[in-house]
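So, here come the structures, one by one.
Shared between the two complexes below is chain A, which pairs with chain B and chain C, respectively.
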Partner chain A sequence: MSLASQVSAVVRMNVKSIGQRFWPSLSTVVAVMLVVLVLLSFLAMANGFQQTIRGAGRDDVAIVLRAGATTELNSGLSRDQVRLLGEGPGVAHDANGDALLSPELFVIADGKKKATGLKANLPLRGIGAAGAGLRDNLKIAEGRMFASGSNELVVGRGVQREFENFDLGSKVTLGKSQWVVVGIFETGGSVFESELWADLPVVQSLFNRTAAVQTVRAKLDGPDGLQKFKDYATNDPRLKLDVLSETQYFSDQASQTSGLIQYLGWPLAIAMAFGALAGALNTMYSAVLSRTREIATLRAIGYGGFPAFVGTLVESLVLAAVGGCIGALAAWIFFDGLSATTLGASFTQVVFKFEMSPKLVEQGLVLGMAIGLIGGLLPAFRAARVPIIAGLAER
Partner chain B sequence: MSDFKLVWKNLMRRKLRTFLMLFATLIAFAIFGVLSAFNNAFSGDQAAAIDRLVVVNKINFTQPLPVSYPARIKQIEGVKQLSYANWFGGYYPEPKNQLVVFAVDHTTYLDVYDDAITVDAATRKNFMTDKTSAIVGRAMADKFGWKVGDRVPMNSNIFSQKSGARVWDLTIAGIFDKKKENQDTNFMFFRYDYFDETRSFGKDTIGWMMLNLTSSSLADKVAKQIDETFANSPYETQTDTEKAFNKAFVAQFGNIALIVTLVVGAAFITILMIVGNTMAMAVRERTREIGVMKSLGFPGARILKMVLGESLLLAALGGLLGLGLATLAIGGMKQAAGNFVPGLAMTGDIMVFGIALIVALGVLTGIVPAMSAMRMSIISALGRT
Partner chain C sequence: MSDTLIRLAHVEKSFVKGKEKISIFEHLDMTIPRGDFVAIMGPSGSGKTTLLNMLGGIDTPTAGEISFDGQRIDQYNERQLSKWRSDHVGFIFQFYNLMPMLNAAQNVELPLLLKPLSASQRKQNVAAALEVVSLADRAKHYPREMSGGQQQRVAIARAIVSDPQLLLCDEPTGDLDRTVADEILAMLQLLNKELGKTIVMVTHDPAAARYAKRTLHLDKGKFVEREELAA
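Moving on to the complex of A and B:
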């Protein structure tokens, strides 16, 4: 009998007999499943958050902040600076010759989360006339855009989904002022969907911020536009501002929080994996033990130690694979697309969705199979070394 | 041979198996301990005084209030002490390294937080006399090696001075210590009067007020009265207890308690499966022995107790080691994550809950095999091969 057929015979025998040790085998499957599920839930959370923030940035839009400000909330620009920025090089112009520039005021207002009924920070963004045109994939999904000079709001899809009373036609009180929701907008799931937009001058006057803006967004006129505009805004003594591409700005913001979630997810999953490994080892050792006689018999009729080794290892890997696949599937079913909110870098709520991807599933399965591999390896060595005589004597 | 010794011998019969069970249990309890400590720290309950109120702008707590408000609120009956503060947005020395820095009313701040933090007389005196002075928390001072009299250039990512500089030179008046176990000391505060007269914008506004009451039963009444006083003014207020305020703030990060519960739940289901199975297996292996013990006159109840004792001992060993490991880990993380999660600590509550979990785990994993061992008839036990 060739080694290959010996191996395949033992593997088939082992795998078919898994059912006889149903409960211990199930405990390994469940342990691996839970490890994979926990890991993937955290990774999907980090991934979804990152996609939401990163997806918002455009390469051909520059964002101008006060020097040293790391977020829009901390930034502030004067009216003169806004005017000077509009005259800067590198900025694109529309058909009428007006600079494609949106001065924006970013104020925080309270909204009530549907899930908890607690107040949470919502960003209300006053945008300039060119503001909407600077956002990618902007679509007014319901209703219409706000009319300039009115106390009308358009609400991001995420806000409408997660917060109370932001449906089309709702009357909303933000601070002292009354607003009417006239539209719901979507930007392909990006962070802008966590915002409320209104006309800049109206926000300025209703929030006692006359003439104040926090940031300026500018459409760039070409690939070298950013550098020209940046040189101008950093060097002019009246400006001395920070300029960066929107892509850069958002990827800086995304990395902090999603990094944090990943730093939490991996150690937890690895700690749980060690627990599951102990379980897997135990299951496999007991499987080898219960099969001592069988292995010794095979050895007595001429089988080598190697088939016993492979058989045990494969059994363990099969259990881990089943657990890993169920875990990944469950993560995909339960967590993919799950809507959640957290506090973003600008101190406001970011609405995002958990996002699974094949790459994440791969990471989960690798961890699961690692448990199966290590959990099978040591017992497999023991199986390979079952002494024939003593093994046959085993009851 | 005492029963305990028998239990111990049984447990140690297969050392590798017992070790693996202990290890799995240890991991689950370590996860439980660490996550519970984080959850506690995040919920921020311990540090908040129940009868302290926080007054913020009704629009949102990041919006300013006029500096004239404190004097008006002090008139309200039931207000014992009141202070106010402004967020500074400090970083030192690099923008990446953000610090918690407040500009506070120096005449009242220390009194309002008298239950939470303490300073010596010299520090208090320095703070009152030197306008540019600051008081630093013990944890922050240790981190940067700051001593009394040091001059610290503190940057702001929000404010600038009238000169255009974004740096305030502060002199350390002293260091404050915590009075309560979970009070965070990784922050500092300096004088609002100095801050307000040097900053280039936002003059005569404050961030929020905090006040102590003459009696905690007045909380609702005083809060209502404050908010009514400023209703329909350009700056309306929102008054909450410090506890409610903290809770709402933490909830903004997400449902941390739910995440902790789910992860700890997953870890415990895992060990329930693993340890429960193993106990059943161990008892099955011992069937003959149990038959022999019964025929020697061991009553069923005693057998039950011995099997339960074994699972409880296993849970206790693994669980206590796990809780111990969690305590060590929390100690280590305090250094690394103290900035993020102030008040991270292993508390008595967590320990008590952990011990309850140990008992539950021991009983749950042992009860089925113990019952079957108790009910086993001698004939079938000895007959089984």
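Moving on to the complex of A and C:
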């Protein structure tokens, strides 16, 4: 009990003295803040990207790719294979008995970004009649769906927001062909909002890809639908195709890019953390030095070294916590919901939002507190070992 | 209880500096009776502070015995010395050594935090100690808001708050002007007379030494003991 009151008295004293060394203390706070801010900006970017891509996927939709293909772009299926897939087990059917299956073709078109005025890749997806129904939360926000057989486009909300001339009614040239925007669709912020959709046969013919299909999306008829469909599509000698749930496919795609963002962010933040650590050490050593006589006086009165140790450590942790919290708060204010585009795995622009989460903030604070802990530890040992006689002689 | 509070016998103290051995005391004997008020004078470097530090258990002799109330404190380890200091010794320094972040009452409370006392008991003792040094009305003031004399009175309150028998003062008036110094010295004298504190005070100032019951002159590690006559 008396140790606790000694420690709390010294801690109170040290924390109050932070204001006395205002500038060095502030520099530590700012350094920790910047580290946390930078780390969180990268983590929020990676997280937002991953959420966007992963959010597009459904568990009850299978995506079929050529064996060994890792993305839609390097996949390709024949017309016969598409037909055979429609006859497979595990696939759901509509009221008319037609398989809920969407063969899709994915071509790269050009768009001009509003922000930079530069050209960027835009994915144009030709979808089958069942295609729209396979997307979650699909909403035609403006206008209507394209009519089959016509050169009409529906445009994802993200594309309309980030690219020039994709508003309702706009006439657009893609490749060598003319299109009309008849609708704007939303899918709850998922990756599809970065796409243009049109009728598959029209895309095939206007882009001279007659009968070519890259992927097939199929609605599954139950929890074991995926396994049945997969067994069929991988084992049938005429197929030998890869089947994944759409969720799995997207999360594979997202993890590469978001991993890359994280692998940039962490080393940068850690390099900065070393700089902040040097600053924190310096601040705390000078704090201990300036308190030498006070510490020695307490020791003469009968205090042990432990209160001085804890007091110094807590002071350092307080500085780090203040910096970390400001950094996290600033990151949340500036970065959460910030819209960005980046190259997705298919070399097209993906529109996504930075997304903060308590878990990321926790990681940022852990890094910040680690700076405070390590930066306080060595000076705290020094404080605990202030020699009484020499310390009292200090002026 | 014997009349002797502190006894030094054959005390030797030396420092090793590089290859050199600096000897400060080769053979020091000294007896301080309970209730004494001793002034220690001597030229700079004669070992006054070193002696005071040994009496207060923050320095230990290289050889020889120091006993306090019959207990061999020279044989205590650091932990025991810490505890012993908090029970028996109050320190008063030339530059007061108050904690700038704490107000007068909080400074005075510091030694009490080492004791198993309740917050209200501590508050009572702090108030009583501040009363003794006539600073009850300054309890909430911070050191920077007080004069040197007031700060030294806070330091005295801190030294006596846990009721130690021994007060050790190293140049307690070295930083104060005459009038204020006299105030402080009168206060120490009062603590000696009324509360029976045993006081050892190092000073350069013969006028200060006159407040003590006797003065010891230290020179080259040896005492020249004599009754100090009123000049």
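Here is the rule we go by: the second predicted complex is superposed on the first by the 394 of 395 C-alpha atoms of A that agree within 3 Å, B and C clash if a C-alpha of one lies under 4 Å from a C-alpha of the other, contacts with A are read in each partner's own complex, and residues count from 1 in each chain.
We adopt the following convention: a contact is a pair of C-beta atoms (placed from the backbone, for glycine too) under 8 Å apart; a residue touches a chain by one contact, two chains touch by 3 or more.
Nothing here was measured: the structure is a model prediction, and the numbers come from that model.
Applying the stated contact rule after C-alpha superposition, one finds that A:Ala331 touches neither chain B nor chain C. Using the contact criterion defined above for the overlaid structures, shared-chain residue A:Glu294 touches chain C, although it does not reach chain B.
In the superposed pair of complexes, A:Val203 makes contact with neither chain B nor chain C. More chain A residues lie in contact with B than with the other chain of the pair chain B and chain C.
Once the two complexes are overlaid on the shared chain, A:Asp110 sits against chain B while remaining clear of chain C. With both structures placed on the common chain, the touch criterion links A:Pro24 to chain B but leaves chain C unconnected. In the superposition on chain A, contact is made by A:Ala69 with chain B only, not with chain C.
Of the two partner chains placed by superposition, A:Met284 touches none, neither chain B nor chain C.
Shared interface residues of chain A, touching chain B in one complex and chain C in the other, are 395.
Looking at the complex, you find that chain C touches chain A at residues 49, 53, 56, 58-59, 79, 82-83, 85-87, 91, 93, 95, 97, 99-102, 106, 109-111, 113-116, 158. Against chain C, the residues of chain A that register as touching in their complex are 1-2, 5-6, 9, 12-14, 16-17, 20, 293-294, 297-304, 388-389, 392-393, 395. Contacts from chain B toward chain A in the complex involve residues 16-17, 20-21, 23-24, 27-28, 30-31, 35, 57-60, 62-63, 89, 95, 155, 157-158, 166, 201, 234, 236, 247-248, 251-255, 263, 266-267, 269-271, 273-274, 276-278, 280-281, 385.
For chain A in complex with chain B, the residues that touch the partner chain are 23-24, 26-27, 30-31, 34-35, 37-38, 67-70, 73-74, 76, 107-110, 113, 115-116, 118-121, 174-176, 207-208, 268, 271-272, 274-276, 278-279, 281-283, 285-286, 340-343, 347, 349, 395.
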